[in-house]
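Each of the next two complexes has subunit A plus one more chain, namely subunit B in the first and subunit C in the second.
Then we have the complex of A and B:
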């Protein structure tokens, strides 16, 4: 009994220490006033000598800024758009790859999965920098295309939305492929034979049988790509447009550049709330699936 | 056992010298076979005998390495499964887990592009036939094994195939349900006039269902015949041994007349007299097969000095409807005898260690040359 509590207790303790407490701190800061001296924000509760009272100073203006300044709404919507398009691209690229791996011989499968995970062994930052070398005006891609005579003038690839999509799809693809593979690999292949036997062409079979059965994998993969992609700031800072920021970049600029922790915290909380919606939807979906499987 | 008259003139499936190799392994070895319209044909054999491979070739999931398969006169070479006039009931049932019973059954009709009203009418009709009408909105995981089997059957039959392939159709059901379902299958088959090809490793299942059985061994068909043919007139030691239980005695032909033969077996103390002629070389080594239920046990010596043996009862197994006696002959050979328990009181029955005489009719032994 004690052992069981201990085993369950460790992750709870971990979450409390490294998630719940930091979150509460950030939540608290988001209601503070900014002040130029350390720690950068005023305390929420203070003892006022003159009136002999305990005073709580709650500042809602940090949140108000988010709605008043179009920068925030604009970057937030742009981030959602970039993340959504990247997620769809990841799905379109990742699904066939996961499918192919799942249908390989078991011995080949492990090799293929190794190859998918292999890039993780290099620094993420380094891999994003490498894309600069590929995409820049006199980079590998432009030089190759000019040498082949396909184009005369170098294309503007770097510092565009396109470069951000490339960066995100490249970096997050394994997060799409792995849950999809885990799902597709479990499929009962006699179901495909049954569909064929009942007169469905391979295309029909895919859309009526394989795709619906792989939806849990699709949803898991999409969330694993979409959620971190919304808050992504390394890829858009290195590869993206200079005239259009993503919310992660703004957040990081407020924290480290402007040192406005209260507003930065408000941005973080707002972002978290916005991302909570898809997570909750996913959990509800998963619960329904689980209940269906139990019955 | 069902004995049905099948119109032999109407050949529906024709398998011509079909061979299937997987690498070096020959799964199906030059099988030629005709299956007639409206019959229940059972492919019977142990695991790895090639029966499932043959069935999968009919469905189009495998293509023959050589040979031809014709269904209704049409060569099936190069025709993918979804374009064949054949439906299959899978051993695992292969119901779509994300669809309701209704959608499962409707799936095949939707592929034919029928009108929605027509589809729902035919689905409802078919679910009624298999007595699953009330379960249309359920998902497969909410059904019992027997109910899933019915849905699988309905899904395959709703397309009104001329040929239905069944892979171990009753394999996943418990014994009581199996027997019940067997008779339902036969009724359904008669009602709809579909040709069934059933694959099974269960000889009882084959005997009950089939109008004809093809016994398979090592990729070949060793005997084709009605259940009675196969049981009473096996053509080889393999078939005699595979179907039911049998006592096999190796022996030598000592007298070979058109109307009868005499065989001497080392393990029996009298010669075996068989009241029909056989075709074998003189002095050929043959085997005599006698079914356990065709041997009689008695305390007194039977008349005549042929078709008899003497031994001691070593084991008795009471099975309810009958008892199995293992009798050790004077030669040391153990013979299996089954006696129906037609009386409730066991006073007259022989007991352990009792010396007994074994005897059988001259029509009972089957002489096997291969």
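Then we have the complex of A and C:
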């Protein structure tokens, strides 16, 4: 009995201490006053000698700033827009690929899956960096297009919204393909035959049978791309615009640049709240997947 | 072959080209002599000068050594904790706090890294204020933070492996009088061995690759390789980073292919042994 408790307790307490409690601390500090000396924030509760009482000093201005300063609302909305567009693009690129792999011969299928996963194992940072060399004004894409005579003047590709979309789609593509593939691979192909026998065209069969059946995979893939993309920091700072920041960059600047930990904490909490519903949806999907695997 | 077959193959080919062209172009330009990274100097290329310069760069080599140590410690810790969590969630039935454990093992999979980074740093700062530990930040705090976010991935890998087969073998061993610890080490562990290997490799790669969380919880003198690379590439493209990328891609590709082949072989051996055992029994 003790052994069982220990086995449960070790991972449970580790995650409680290092994953759950930190969020409570962020929450607490988001209500603190900034303080120029260590640790950078004033305590929420302090003991006042004269009255012999604990006094709580709550500071709501960190949240007020988020609404008053248009910078925050603006970057929030921009981040959600970028993440949403990238997710849709990722789906448009990833779905046909996942579909093609799921309908391959089993022997080719494993090879294809490995080719999809392989880039994921190589450095994320270096793969984003590779796009700088491709998208630069005198980069590979512009040089090739000019050499082919398609354009005369180099296009501005780097440091644009387009570059960020490309970077996100490129980095997160395996996360879109894998859940889609896992779903598409399980489809009962006799359903497609049945639809064809009843006279449906291949296009109609796809939209009426395959696509609706693959919705759980679509939702999972989109969540796996969308949620981390909203808070993305590396991709916009390497490829993105300099006049329009994403929330991850603002958060990092508040934290390291302005060293305003309470406001940074408030931004983090607001971001977390905005992503709470997608995160809960993803957790539900993950639970169902594991239960389905058990049978 | 119908028109749809043609469409499928084109989509796959274009997608793979999209995935590999950036990596290949980075590798090609690592042999370019010109400083102008993306303009090919056809007179003096290919050259190994950026590779030579890379191996003379003590700062990058030092950072690589730090990253290697952190990744190895992280992977080992994450496999131990992740295996326990996976085992508890698939085999232990209901217990108090199960829902919380399950939530805490799936949330890190999608949590934006920047939020986790801030949360971890503020935890370490608060702990130091409260109990004086950990004193300052450095490799230890990076390892703790990395274990926490990578163990979620290990847990998922272990869970899906354990869900893949029923617990008949474990039950049989228990019925024959084996203690739980013996059952775990003699039956469960060998069965999930491939998942342990892929979990370890996954945690290692995630830790080796992480820049956002490390940036928050690192201290002076504990800059990891991705942190060094990030600060360099923010200033623009440099040819020695291309060389570094080429080396890393080649190592990873060899490692992934080798381990996949090895695991396939192990799996086939296991299935064969299981079949033989069944036919012996029957």
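The rule is short, and it goes like this: the second predicted complex is superposed on the first by the 263 of 295 C-alpha atoms of A that agree within 3 Å, B and C clash if a C-alpha of one lies under 4 Å from a C-alpha of the other, contacts with A are read in each partner's own complex, and residues count from 1 in each chain.
The working rule: a contact is a pair of C-beta atoms (placed from the backbone, for glycine too) under 8 Å apart; a residue touches a chain by one contact, two chains touch by 3 or more.
What you see is a predicted model; the values in this text were computed from it and never measured.
Q: Are subunit B and subunit C a fit on subunit A, or do they clash, once the structures share the same frame?
A: With subunit A as the common anchor, subunit B and subunit C both fit in the superposed model.
Q: Going by the touch definition up top, name the partner, subunit B or subunit C, that contacts more of subunit A.
A: For subunit A, the partner with the higher number of touched residues is C.
Q: Once the structures are superposed on A, label A:147 by its partner contacts, choosing first (subunit B), second (subunit C), both or neither.
A: So A:147 meets neither subunit B nor subunit C here.
Q: Should A:58 be classified as contacting the first partner (subunit B), the second (subunit C), both, or neither?
A: After superposition on chain A, A:58 lies in contact with neither partner.
Q: For the overlay on chain A, what angle lies at subunit A between subunit B and subunit C, C-alpha centres, nearest 10°?
A: 80
Q: Please work out whether A:197 is in contact with subunit B alone, subunit C alone, both, or neither, and reply first, second, both or neither.
A: In the superposition, A:197 touches subunit B alone.
Q: Is A:10 in contact with subunit B, with subunit C, with both, or with neither (first, second, both, neither)?
A: The answer is second: A:10 touches subunit C but not subunit B.
Q: So in the superposed three-chain picture, is A:133 touching just subunit B, just subunit C, both, or none of them (first/second/both/neither)?
A: second
Q: With both complexes overlaid on chain A, does A:212 touch subunit B (first), subunit C (second), both or neither?
A: A:212 sits against subunit B, while subunit C stays out of touch.
Q: Is A:261 touching the first partner subunit B, the second partner subunit C, both, or neither of them?
A: A:261: touches subunit C, not subunit B.
Q: Just to confirm the value: shortest Cα separation between subunit B and subunit C in the superposed three-chain model, in whole Å.
A: Closest C-alpha pair between subunit B and subunit C: 11 Å.
Q: Does any part of subunit A touch subunit B in one structure and subunit C in the other, and if so which residues?
A: In subunit A, residues 293 are touched by subunit B and also by subunit C.
Q: Write out the stretch or stretches of subunit A touching subunit B in their complex.
A: It is residues 188, 190-191, 193-201, 204, 208-209, 212-213, 292-293, 295 of subunit A that touch subunit B.
Q: If we count contacts the way the header does, which residues on subunit B are in touch with subunit A in the complex?
A: Residues of subunit B touching subunit A: 59-61, 80-83, 86-88, 90, 92, 94-98, 107-108, 111-112, 139, 141-142, 155-156, 159.
Q: Which of the residues in subunit C come into contact with subunit A in the complex?
A: Going through subunit C, the ones touching subunit A are 2, 4, 7-9, 11-12, 15-16, 18-23, 25-26, 29, 36-39, 81-82, 84-85, 87-88, 90, 92, 95, 97, 100-116, 118-120, 122-123, 125-126, 129, 144-145, 147-148, 151, 155-156, 159-160, 163-164, 180-181, 205, 208-209, 211-212, 215-216, 226, 229-230, 233-234, 236-237, 241-242, 244-245, 248-249, 252-253, 255-257, 260.
Q: Can you tell me which positions in subunit A touch subunit C when the two form their complex?
A: 3-4, 7-8, 10-12, 14-23, 25-26, 29, 39-40, 93-94, 96-97, 99-101, 103, 112, 114-119, 121-127, 129-134, 136, 138-140, 143, 170, 173, 202, 223-224, 227-228, 230-234, 237-238, 248, 251-252, 255, 261, 264-265, 268, 271-272, 275, 278-279, 282-283, 286-287, 290, 293-294
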